[in-house]
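Please find one structure pasted underneath; my questions will follow.
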């Protein structure tokens, strides 16, 4: 990516009508470990790799030890009983936004005695993200977020990015090498709407597996699964439950030549 | 466009009396997918391409998947029962402005128990846009908006741009390759005033089709249509209704050699 | 105009005791389409070209279509029953200032139950304009304004510019090629005081015509006329009325070799 | 004047202990048309050239027309019944300061039911001017002001400049080519104290005449005269009164070889 | 580490999607003397080297004298009866954060009459740290902190760093040459859960010893030990208690060839 | 004095631990005309040259005329009945500080019904001056001030400078060529304590005279004398009184070869 | 010390994890005249050189005269009856901090009717100092301070520096050439605890003497002594008392070859 004079301040347009700081924040999102979200008529599923390879590049010396020494590195958060989020990019930014959404949910509950409609949640998110792309003294959030939710309008997967794009999706993936996951999703998009919750989880895991290099694999240690749907509140599965679903996934041979797209792991 | 020293801050004039940051924001508008608005004596119509090719250039990796995976990418928003907007440029900026207009409408309803006159809405918009061209710490909005409305003064198409120009039009088009659409509009402007709503939609779609490269075409998937008029509140047509109108359009042979004007798709 | 290091901030003096940002804003005013104001003992007239050639240079692609597609591009605004303004330069700045004057007028009416004296209006304007030449974080307004008014002290033509100069004039012209108009005014200044309203309008139009290139002419489409005077509230003439006055103008042969002075149309 | 790195911000000292921005603002004052103030035991007189040659250099195209087309260009303002000011430099700055002094006067009258002592007025002015030489985000005022006043301590001529120097004078002149006027004043300073009001005006006009190039002369059109004194409130003479005094002046042959000192008219 | 243009302001993203100022603050953390934290089912232990080799590099001239002249240089602070922290990096930043945590604890006690859950404490810390990575006018904290705590959910070791990463760990080490300590921890992680408090302290000290150069050793003078657990409030051991534990450590031969990882002591 | 990169902002330290902006402000003080202060057991005297040669360099064109045309240029101000100040440097800064001290005095009188102790006055001054050396957006005051006062602790001469040094002195001199005055003071310091008020004034004038070039001399026109002491409120002597003391001074032959030290008059 | 691009703003980290502005402020501390503090079981003593050689370098022309002309230049301040401070570095910064501590003491007395614990005083100081190392718009304090105090926990010597390090010491010295003093302190540290107040003062003076060049010596004029302890409030000794202690010191031959460490006197 070429360098220029219009990329040092978020409030400045380049002569080509671009906001470079926003684009650079997107780079941070692309380097987070991948996450996948898909929905059926009745359920929404988000799955994520727990290994966060973004700040590993900053705090290099944690890299090897962490899987064994850390209790758990959360990539999926419950927001309310009817929604949860997964994060790709700068984790500390992601947590700030997750907490923002939690506050929005509890404010709505306080005011209206019911869960916030997912559409309203998406609108609040869009306002929050956009302000950091326009006003001086703040940087754009360096994180993409998938919101899985279920309300009276059905299941939702909402995708946000640092440019304040907030889009409703049938299925999507963001983060490192997520193009491979999206390729899987496009090929199978027609099957999602009528999938059972269990089938939906397997689809999501198969897409997520495609983001891994050939020599790595999903495991209960590096995989998080969250699901929400009709009559079932948001549930972040425990390791045993994750293992059950991974068993099913392992029966599907891995055919892709290797993960594509997204960003390569960052070099110091 | 040549580079200079007066383009890094919105509050600075160049020696030629220009505001470069405003001009660069106009570039962002020119790269949004095209939208067209026209009006008759009794109705106002806005049509838009759903594919937003601006931020695709930022979030490249979404580009191929989106049409199939996303539920819908809105380019047209209802503002009130008597008005709607279409957007060309930075979508997240456009949504902020759409929400601003929605708030203006509901404030007016609260105060006066009736819909806001479109002229008042245009004035509020002008104030909002101008402030971001004059004061430090904010960038101009990188988006153009067409407001379609109907009130006691009849039908309205209002065009706004990042320079805070807010103009009432018989017909207009903004966004990528919109010059081709405007050429169509100029040739047919005399027919609009007495057109039926259906004829008006066809005119708008024919103009919009002229913004597409020769190898692409309008479809229910990539086309949005909004209409408002006498005794008919603002209506964002569903896919089936869009398809009906596109059928009519397809009976008109496409004669232009190719789309002209506007900005070429941005190169990374 | 040579470049230097003292022109990037409105709050900075150059070693020669100049405020370059103010001078650059004056350039924006010079590139607006021309407007003329003159007064007799009993009336004040402002006339203006509707084509705004300043932002056309920014939003090039509107240029050809606008005259036919736009409903009307206002260059003259009523401020109160006893006053109106015409604008040369950055139209969105001009509208902000017109609205500011409207607010001043209605505040005065609220407080004193009578129209604001034009002199008080001019003082408010001077304060508003000067602040943007002295304090950090705002740019000077890029627009010149002519105020036509009538109060107990008689008729008034007030001229303002980006440097916060606010001067009472017998007659004046600002905007592109306005020197030609001022030449006409100087030659005929002695006739204004006793002119009838109709004669005053013809003088103003003749001066305005002199700002046009030889191959262009005034028309009901491109000309706005506002008049205010003793016992006649401010009136922005409609196209038919404008046509009547233009007929009279056309009986005066055009003798000037071509428009002079002001700024040449800006090159991109 | 040489260029350096310490002149771009008013709050920065140069290594030589100078405030360059203040010095540059003084340049603006030097380029304003000249004004002269002198006092006797009982009266204070200020005279000024109406032609403002500073912003003429900015708004060049007004230059020729103005004398004939403009009603009047004020250089002298009444502040209260016992005081008035004349201005040299950036007129819009001068008017802001004149209005500031008017407000100070009316505040004092409100609080104490009597005119403000001139000494208090000078102190307020000093505070106002100094702040703009010390704090960030404002530029120094680009104007010099002469205050003529009469109170229980007698007649006063107060001179202010952009550096916040506020000095009581027997006689003084500021503005373009004012050195010639000061030379006259120094030669005749002993005569002022006992002069009659009429004699005082003639002295002031003779000093002012010395600031003009040999080929120009004072006229009722380009000369303003203000006087205040014992038992006579501040009076800005009308053209007829000015003409009477100029007649007396014309009986004094002009002997100086040409105006000296101050700044040459600025070159674009 | 290479230099670039995106590292002078915390609010700016580099084209690679990195926040250089955050990375540089991590360098400050890496240069602090090492600290180690581990937990069993019932207890959490933090140990630290008292010698702070970071600001010694700033205030060089203190270096030799300090161990003998200073009473004690605290590296471990009690936060509440159920928690304590150890610090690696810029000590004055660390103390500010320790005091922040103390205030959080007492606020919670005031509101709820019980100790704050460690998880809530970690969330407050994350918010506090993240804000300094995103908003203008503050730098990121240059310190890493280990929180040892015990509450109804058991024992906790929380690790924070300047990027606002806040992670729950079984065992960890931060600061100069901490890679050697983490290597020890990884090899022995399985033994921690069932360790007695005494065994836990010995593990922590053995890991800490591995961060020392071969020619240095732990002593009661340079070693701090803090422990908290079930039915035992946070206790910062005195020198005699430290000596007892060090005796046990000395029975374990030192086998590592030398400390690895982390930062080398900074060169002036 | 050499140039470097650490002198453009008061809040920045140089690598050598210096504040260049403070040092440059000291330069302004050194270029003010000299002032001298000394005290006996019972009295404190300040004398000053009225010619301010600092801003003369800015407003060059006033230089010759001022002595004859200006009423008086104050360099010494009464602060309260028991104290006064003299100023060297930027006069407008000095007057701001003099007014600040006057306000401090009257606040104290209001609160305690007695004059403020000189020590308290000095502390207020120190706080005021220091803030402008540490916080962004203001420049240090470019002036040195001598405070002469008498209170229950006896007579005081307090010296302040732009670095916020506030020191109690037996005798001192600041301003242009003040080294010569200090040389005189050092030679005679033993005589001050028991001097009569008249002798004290003569000592001060002899020291002041030593700051003048050989060809200049003290006169009632260019010399100010202020004195305060036991049972005698602060008194700024009138011209006749000054002349009496100067007569005494003229009986002392001038022996110094020429003034030394301080700054040479600044070159444009 | 090498120059780089990360030292112009206190809020910026260098790539090596350093805060250059803090380090430069430490340089200012190193150039202040030396001060020494030591404590026994029952008493704390601070001694200091009155000659402040830091701002002498700024205000060079005071240098020679000051010792004879100034009444006294305080380097030691009483803070409360149980504590006092000595200062090394920028004196005006030091006085601001001394006043801050005095306010802290009186606030505590007001709230709790007893003297503030020295530990609390140190914590307040740490907060105050740290803020100026982290937030934009202020520079770090350029001063080191020794606090001598006595409370229910015994005698205290607290050392602070610009990096906000606040450490409790048995004995210490800061300022120019203070390494020589610390060398003395280290050699004799074992004797302090049981010393009588008189012995403690002699130790402190011997350490202070070692900071002087061989050709200079301590005298009642250049030496300040403060002491506080059990049943004896803080006492700043008068010249006679100082002389008595210096007599004792003179019986100890001076053996050091010359002062070491700290900064050399700064070169202009």
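As written, the chain order gives the labels A, B, C, D, E, F and G, with residue 1 at the start of each chain.
The rule is short, and it goes like this: a contact is a pair of C-beta atoms (placed from the backbone, for glycine too) under 8 Å apart; a residue touches a chain by one contact, two chains touch by 3 or more.
These figures come from a predicted structure and were not determined experimentally.
Chains making contact with chain C as well as with chain G: none in this assembly. Counting hops only between chains that touch, chain D reaches chain E in a minimum of 3. Put simply, the C-alpha centre of chain A and that of chain E have 31 angstrom between them.
The distance from the centre of chain C to the centre of chain F, with each centre set as the mean of the Cα atoms, comes to 56 Å.
Note: centroid distance chain A to chain D, computed from Cα atoms, is 69 Å. Shared contact sites, meaning residues of chain G that touch two or more other chains, fall at 1, 9-10, 26, 30, 136-137. Going from chain A to chain B and on round the loop of contacts, you meet the chains as A, B, C, D, F, G, E.
For chain D in complex with chain F, the touching residues are 1, 5-6, 9-19, 22-23, 26, 30, 123, 126-127, 129-130, 133-137, 161, 163-172, 178-179, 182-183, 185-186, 189, 261-262. Against chain F, the residues of chain G that register as touching in their complex are 1, 3, 7-10, 20-21, 24-31, 55, 57-59, 61, 64-66, 68-73, 90-93, 95-96, 99, 132, 136-142, 263, 266, 268.
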